[in-house]
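For reference, chains read A, B and C in written order, and residue numbers begin at 1 within each chain.
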Amino acid sequence: MLRAILLIVRKDLTVEVRSRELAYTTLFFAVSCVLVFAFSLVQEGRAAEGVGAGVLWMAIMFAGNLALGRTFERERQSETLRALMLVPAPRPAVYLGKLTGIVLLLAITEAVLVPLVALLFESALLSHPFWLASVVATGTVGFAAVGTLFAAMLVRARSRDVLLPVLLYPITVPVLIAGVRATVAIAQPEFEVDVVRFWLMLLIAFDIVFITLALWTFEPVMTD
Amino acid sequence: MTSVEFDEVSAEDVSRHFGRRRAVSRMTFRASRGTILGLLGPNGAGKSTLLAMLATLLRPSSGTIRYGTLGTSSGPALRERIGVLGHDLFLYPELTARENLAFFAGLYGIADTNARARAALERAGLDNRSEDPVSSFSRGMRQRVALERALIHDPRLALLDEPFTGLDDASTGALVSRLKMLRDTGAIVILATHDLDLAEGLLDHALFLRDGRIVEAMTAPDALRSTYRSVIGR
Amino acid sequence: MPKWFQPTTLLCAALFAISPFVIANAPYESTMGLVQKVFYYHMPSAWVFLTASVICGSASARFLATGNPRHDRTALAAAEMAVLFGLLTLVTGPLWARKAWGTWWIWDARITSSLVGWMIAWAYLILRQYGGPGSEKLAAGLALFGTANVPFIYVSVNYWRTIHPATTVVPKLPFSMGFPLLFCLAAFYLLMFLLMKLRTRVAEQQARLDAIYLSLDEQA
């Protein structure tokens, strides 16, 4: 099982390094999002109080949605997802392999987004990097956990491009809320550890519950 | 993982419908080790659906498929013994031929993936292009790589959907002898094809399909074209 | 249709017809006056919405586990109930809030959680409608995720506005769990039950029709 996961991740990385399509487009899209938000929200040269956190998470969710769609669109060419369903590895291994790939891709994007947002929105996001990294990591994993399952299950559905956000955003509302609230708490001048810890716990619980649920439902949902 | 062995594949009254459309209707047949079974019929006859069910990608709506004494719930161990060449080739265009083969070899539990990949490419006559991305290959070359990918783990059951599409004469000849070799080593080969002339010298058994049903079954078939015309009527 | 369907429908219609009178006779709530009466429709709607969502979630789980299409039909009917009664809840709520507190919408825990839950139910229906063949299983997966999400949605929305346990913006109403409320609850639950029966029956007939088509095809 582990070998299968590693092989899939390595394959995705190789494909990505060759074409670099996903990384560049996701990154560019995320940055454009931030710009769009900047133009909408910055008034008279100053951003509204605490808006940076919201912008960061919105950009992550929009870019994440795009990345998920593109990743599985690739597997749809030549029906390689079917080929992956045929291998002897337990099928949840395919889910975990793709999940790891998406999380890595989003991590790269976030590495650029966080300093960018901190800069453009004059937000003290980077004041507690360890906490921020934990929050962003757990939030991203939660979002990707649900997103990978949904994107995989929609691969053979009609209208899959528009259905993915329709399904994904309501379900990931807790991730969004927790992420934003925790980030706001981090960026505040008086740093309240308890607040951040509360939201972090929520995110961790979300991750555990939904990854488990996804592992259970992956096979029944993917086989006809 | 303990590997499973089986000597025959059998379908018993197997049907599959999609909503109101019946794609496969009550098919019963058997294929044993060391034989090549052909599925012949026009488009929409149910060949691809049947192959998908035999590959465990689709579940029958009714009826059972058995692999020896095993049912389809045997999961991973069973999948290890099945090789599939689909309509879509199951290859990653951005990866090289060797990388594609090595990737799938690894997923099928083979230890030395690169060596196996190279050997397979040699068999396909493509070892000079092993480091080129598959996207740069012609359709025929891709088909050859896809075939090697399907067979890289020496499956007991080989399911091939239109394997001769896009192949030139030389490759076709190579494929025919490859399939015969596969049969002689004791595999069960089931292939769907339109190419009746080719099928003539190759098949040990033939099933003629029309509208999801088996309309005729032949052993040691010859005069395929006339039989086809009389039975399928198109 | 089973024999009891018609008489029960008449009963339900009667309950709804009588309900305005029952409500009018309910104790006049001092702070909010007449508007508070909307509550007698609002709360049962909310309860039915919640019940329908739970039914959808559990039927979806059973469908994924067993593959029995009966559970799928139940899940679909329940989702439609959830969207319908959720809409009713989300409309009657603001009507009440507007009159009572002067604002159409309040981002409090219950209302917002209901909104998110309602959107998930709606997404379920969109998926079934536009997802193409095989979308029944996908929708079941969504329903399962939605149900598992309920505690997370509630907690996150609850603590969203302030980390301190929310002094709920919607003050606790002194309602007597009295006759009018029970009456309306009965009426609404009966309505839900009847609608679900109707809906699953339609779906069942469709399935039977498909089966007939298929068997005809066989004889050809």
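Points worth noting:
We take it that a contact is a pair of C-beta atoms (placed from the backbone, for glycine too) under 8 Å apart; a residue touches a chain by one contact, two chains touch by 3 or more.
In this text the structure is predicted, and so the values were computed from the model without any measurement.
Most remote chain with respect to chain B, judged by CA-atom centres, is C.
Once CA atoms are averaged chain by chain and compared with the all-protein CA average, the nearest chain turns out to be A. Measuring from the averaged C-alpha position of chain B to that of chain C gives a distance of 49 Å. Annotation: 38 Å between the Cα-based centres of chain A and chain B.
Inter-chain centre distance (chain A to chain C, centres taken as mean C-alpha positions): 31 Å. For chain C, no residue reaches two or more other chains under the stated contact definition. Taken residue by residue, chain A touches two or more other chains at 224, whereas all remaining positions touch fewer.
Annotation for chain B: no residues touch two or more other chains.
Contacts from chain B toward chain C in the complex involve residues 17-20, 22, 25-26.
Here chain C touches chain A in the complex through residues 64-65, 116, 119-120, 123, 126-127, 130-132, 134-135, 137-138, 140-142, 144-146, 148-149, 152-153, 155-157, 159-160, 163, going by the rule given at the top.
Residue ranges on chain A touching chain B, taken from their complex, read 3-4, 7-8, 11, 14-15, 18-19, 77-80, 82-90, 223-224. By the touch criterion given at the top, residues 1, 55-59, 75-77, 79-80, 82, 84, 86-95, 99, 103-104, 106-109, 133, 149 of chain B touch chain A in their complex. Of all residues in chain A, those touching chain C in their complex are 146, 149-150, 153-154, 156-159, 163, 166-167, 170-171, 173-174, 177-178, 181, 192, 194-195, 198, 202, 205-206, 209-210, 213, 217, 220-221, 224.
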